[in-house]
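The first chain written gets the first letter, and so on, giving A, B, C and D; residue counts start at 1 in each chain.
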């Protein structure tokens, strides 16, 4: 299925950074779901490069919903969102066309597409495409919210600085979803941004860790083999640019625990099963257990940097040096946050619609 | 698709721990591929509980290929492998039937299947099912080998002990694939097993980290969005029991690096593009770059332990204590290794057949 | 997905005519659904060659459900049904191995599988495989019945003889589902069988038309493009052996009508929308309209005949004559009936589970 | 997957008749394939309502390829084609909004989408959407042609008049593909159009039969069960508006033949296997045999007619009379032709790419 994800509710991405337009088609969302263009704009603003810790490329992302929505409500048929491109300065990339940027998709894409790929501005691999993903995701986030499912992500770590931990999921998530630089601690945010600027000043870049919490998914969702909840979410989440790892609940730290410590004991609380800890991240045997779904994404440093690097010229077949020009981000962790939320929402909407039926959102 | 994985080459699992039989159907493997039953037996022996660091359940795994193979060669039609169950002692589990084991699938499965799930011995969630996965995976591993693709996994960490690092992939993988307890350092293996026994003696369990290397996959395989190489592999690999995290290349450690350090520079070596480091784990932008594919899996401690834990009785709706009886493993990291290799091989076979065509294996 | 069908509820077939066993895996059926082995046996008996109008191969089809069912009730995990093969007389086919039977799969299979296909008894292409499909379908038919959905098929035409038309769907279907040679008119049945025997006496074979009615599917099921109700049913139904055509409602006869005649007018009857005719076969725009779903399948004459035919020897590359020996049917229309019902039930179960959710059957 | 078709090469449709735009996304086409906008325009002109036998709605279909193509060549990433809507006169439909047109999708769509569907001009069910399908199909047709695969369709029957039969496939197809009203006999075309006008004059409509031939597909393509060549093509082809039946090769007429007559004998001709007849329509056992693929589609009369019909008012729940206003076609058989070719090409491109690999088109 390639650039499409989902069985019951699917999303398909298209577009290149410097092409005519980018966009997404979402298919399978129930009819009668409210589509709030203000919320889409809000989400897009969280992704948009802003201030002095982002690329100088200014995008307005004036999206247009060309199908599937009438009078602000879904019709039930495919929703196509188109975002025209503008402010593209391809010349920045012209002389880099045959010099693959280390750890960027350039070389792998060249091998896959035999040189026919659109190399301008990263083409189909550009972070720019995530604007369409965020617009689509906004519809999914909003729809899930109406079923009591909320998603929130904070920058758990960035440029060497740790954020505070979640203390009250509902309240923390509400606060995070209003922030452009989404941390739970203001001090951490300031220090992270200071460090990002320091790296940027040296022509360098930094990475970080995002931590996502999902509230409100009932126990019993996911499959035992292959279509496990972790497997399906991971499948989708590796499309968040620069993600190189994912862990659920205790994740890699579980390796250093014993079972008596890592296991999550159960108890009854007001007649409901509760867990005394959540090292499982809300998932056991591939299936939700009703606790908060928790996962973390490792985001590598932005590969495009100003510092000179070794690379090759795939045309002359000679070694070369590359100092990236063009507008690029010294850090994309904070911008990747809303992409992670969007992908999570789209994947969950698919899994839940598969379980509860296509009209589930409006029942 | 639930308990099926793959588009061009697919695998479907069936069976319960204490049912009639378990098995797998593999569909889409090219005709004319040699199926080596000795190699399947070898792989099964690597998964089979052995010695005093495993469950005392003795399984002979006498698999039967009931279709799709004639005279040791694939016909091109679906291959069904059936492994009858035997030596099942359901009574061990009878009194635990309504006491979900903490961090095991029991409670989540109960919520999903409304109590109709087969609870005997973990039912469809039992590690036992992985015998079928390993048998199916053996066919895939063997087939890939004939195309120059080899897969090897070592126990990078277990019970607090670190293994040595890969030094020569080809040679290391060859050695690992003969071992039941697959480490690169013999000392590490001994210390790990000592620690496993120590935990077992206390009725406890331990976890670890598996690290897998895949050699021989050409550059250019994978998709930019959604069906990224990382995404598809992750999707499948969360079916390896107890996996709670996956990272590629530098993984989570990349978060503490700067781009100038994490990026993998390129150069020419004898006319071929090479990378001076492999923090990308052989994948950029979701697409292979021709370098070794590297990933690590976080394996949590076995949830079934002898130590008393808090749980609930889902029938009486009261809090309870549970000390697991039944035969269980104090550690499954070493046994999960061959499952990880199997899943990796099946997923790669699918992705590569999609890219190169269904007869690729025999061209 | 090849030999697998369905997204929410899927079925995978495996096996060869003269191999170890044939079988099917059904995945995605809700937990708590009753599985009636007597009904499976009943359905298998309707498919089984019987009397002097069928092949002399006697099969007992002693199926075994090896997973997914405990105490006669589905667990919700994959159901694997295995039917061992017996009474296989491969020698009948030995001397025909390189002489593809005209209009049989032999030559196409040889091209696809490069000679590695199991040619004994038709291998994976044998009608024998449909026993597994019928067993799987029986579970689906039974499950749908409990939701008020019933499926019935009559031999509308066979060996030149027309059957009577449906007059009372509920009553007619109940009667048909008890018959081995399922016609609405007894006279038609007798004449058809007489003609089949006449053809058989000459070493020849005949075909026919099956007509299926499905009652109880609500309006609103199906998709406007691609996953239309007609499209999905057709996709599955071309797996009924020897089917070369399908038409819904008025079908090909609509081509000779004008719209004023072919359109189905609507009216209210006791507050419910009814249609005054059913040329649409219960489907408009790819979506059910609540009326009876009606379709017809064209079944070609059995290709394996005793009469001498021209063919080639793919080994010597010379033209040859072929008079089929082996046991074969002069007509499979009556046996294909229960296969059509089975496929219909499996496809509908998938489509409806996708629409209403995976637990729909037990809600 | 709903409004998406295909696994290796997929197409997704979006848009409503009177919305902002319609369009299609094609994903999976190899990089380096020439995209000829003139040919797309040519194909669109064959679908466009023209002359006095079509709706008076004039569409210019000024499509825009917004992604996936650079300098007239595919990049290998998703191709999105957008066709803005214009000349929409929704008022024509306003007073019909709650009066479902008999045998149109109106009522079924209302049941599926609970009244949220876009009813203006047929919304997502409008034949208008096929413009996007034709544009996408044009790319597929062109690509297949470069691999020696050609597709041609003639109006075999319309308004009671039969066309001549194919006599020389290559030449006939070349001629048909230049015609707006695609018959093999000019006399038949004239008589058909005369009859269409006669029906139109009475406010009525007519249907017909399309017959398609596909040359150049090698033997060995398709799967034995479920993903049969007939099954996959049918799945897609029921998306050609108004199709109510499909038959391959001899189709329904085979039912009246005996096997000795319907079987296609084989022989050698210059060292290649040939068939002495083609009642199989180029497919046996679900797999191509190398002969011409032949199928026929039953196209029902256009449901929207001027003649008064019985229907209901779904709002007032009363019976009503309806005489359709708005612009509508008395016949869509001739326009459906190019849609059938487009769908066939897209489905074949998917099946063949699955078999031969994603870069097959450029190898």
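Here, a residue touches a chain if its C-beta (ideal position, glycine included) is under 8 Å from a C-beta of that chain, and two chains touch if they have at least 3 such contacts.
These numbers come from a predicted model, not from an experiment.
Of the chain pairs A-B and B-D, which one is connected by the greater count of C-beta contacts?
Of the two interfaces, A-B and B-D, more C-beta pairs touch across A-B.
When the contact pairs of A-C are compared by residue number, which of B-C, A-D or B-D has over half in common?
B-D
Roughly how far is subunit B from subunit C, centre to centre by C-alpha average, rounded to an integer in Å?
Result: the chain centres lie 38 Å from each other.
So how far apart, in whole Å, are subunit A and subunit B when each is placed at the average of its C-alpha atoms?
27
Centroid of subunit B to centroid of subunit D, CA atoms only: how many Å?
About 45 Å separates the centre of subunit B from that of subunit D.
Spell out, as numbers or ranges, the residues of subunit C touching 2 or more other chains.
1-4, 7, 13, 77, 112-113, 124, 224, 359
For subunit C, which residues are in contact with subunit A within the complex?
Spelled out, the residues of subunit C in touch with subunit A are 7-8, 77, 224, 354-360.
Please give the residue numbers of subunit A that touch subunit B in the complex, ascending.
Spelled out, the residues of subunit A in touch with subunit B are 1-5, 7, 13, 100, 102-109, 111-113, 124-125, 129, 157-158, 160, 199, 204-209, 218-228, 230-232, 234-239, 243-252, 254-268, 271, 273, 276, 279-281, 283-290, 298-305, 307, 309-312, 314, 317-319.
Mind listing the subunit B positions that touch subunit C in their complex?
Checking each residue of subunit B against subunit C gives 1-4, 7, 10, 12-16, 19-23, 25, 27-28, 31-32, 64-68, 70, 73-80, 82, 112-114, 116-118, 123-124, 359, 362.
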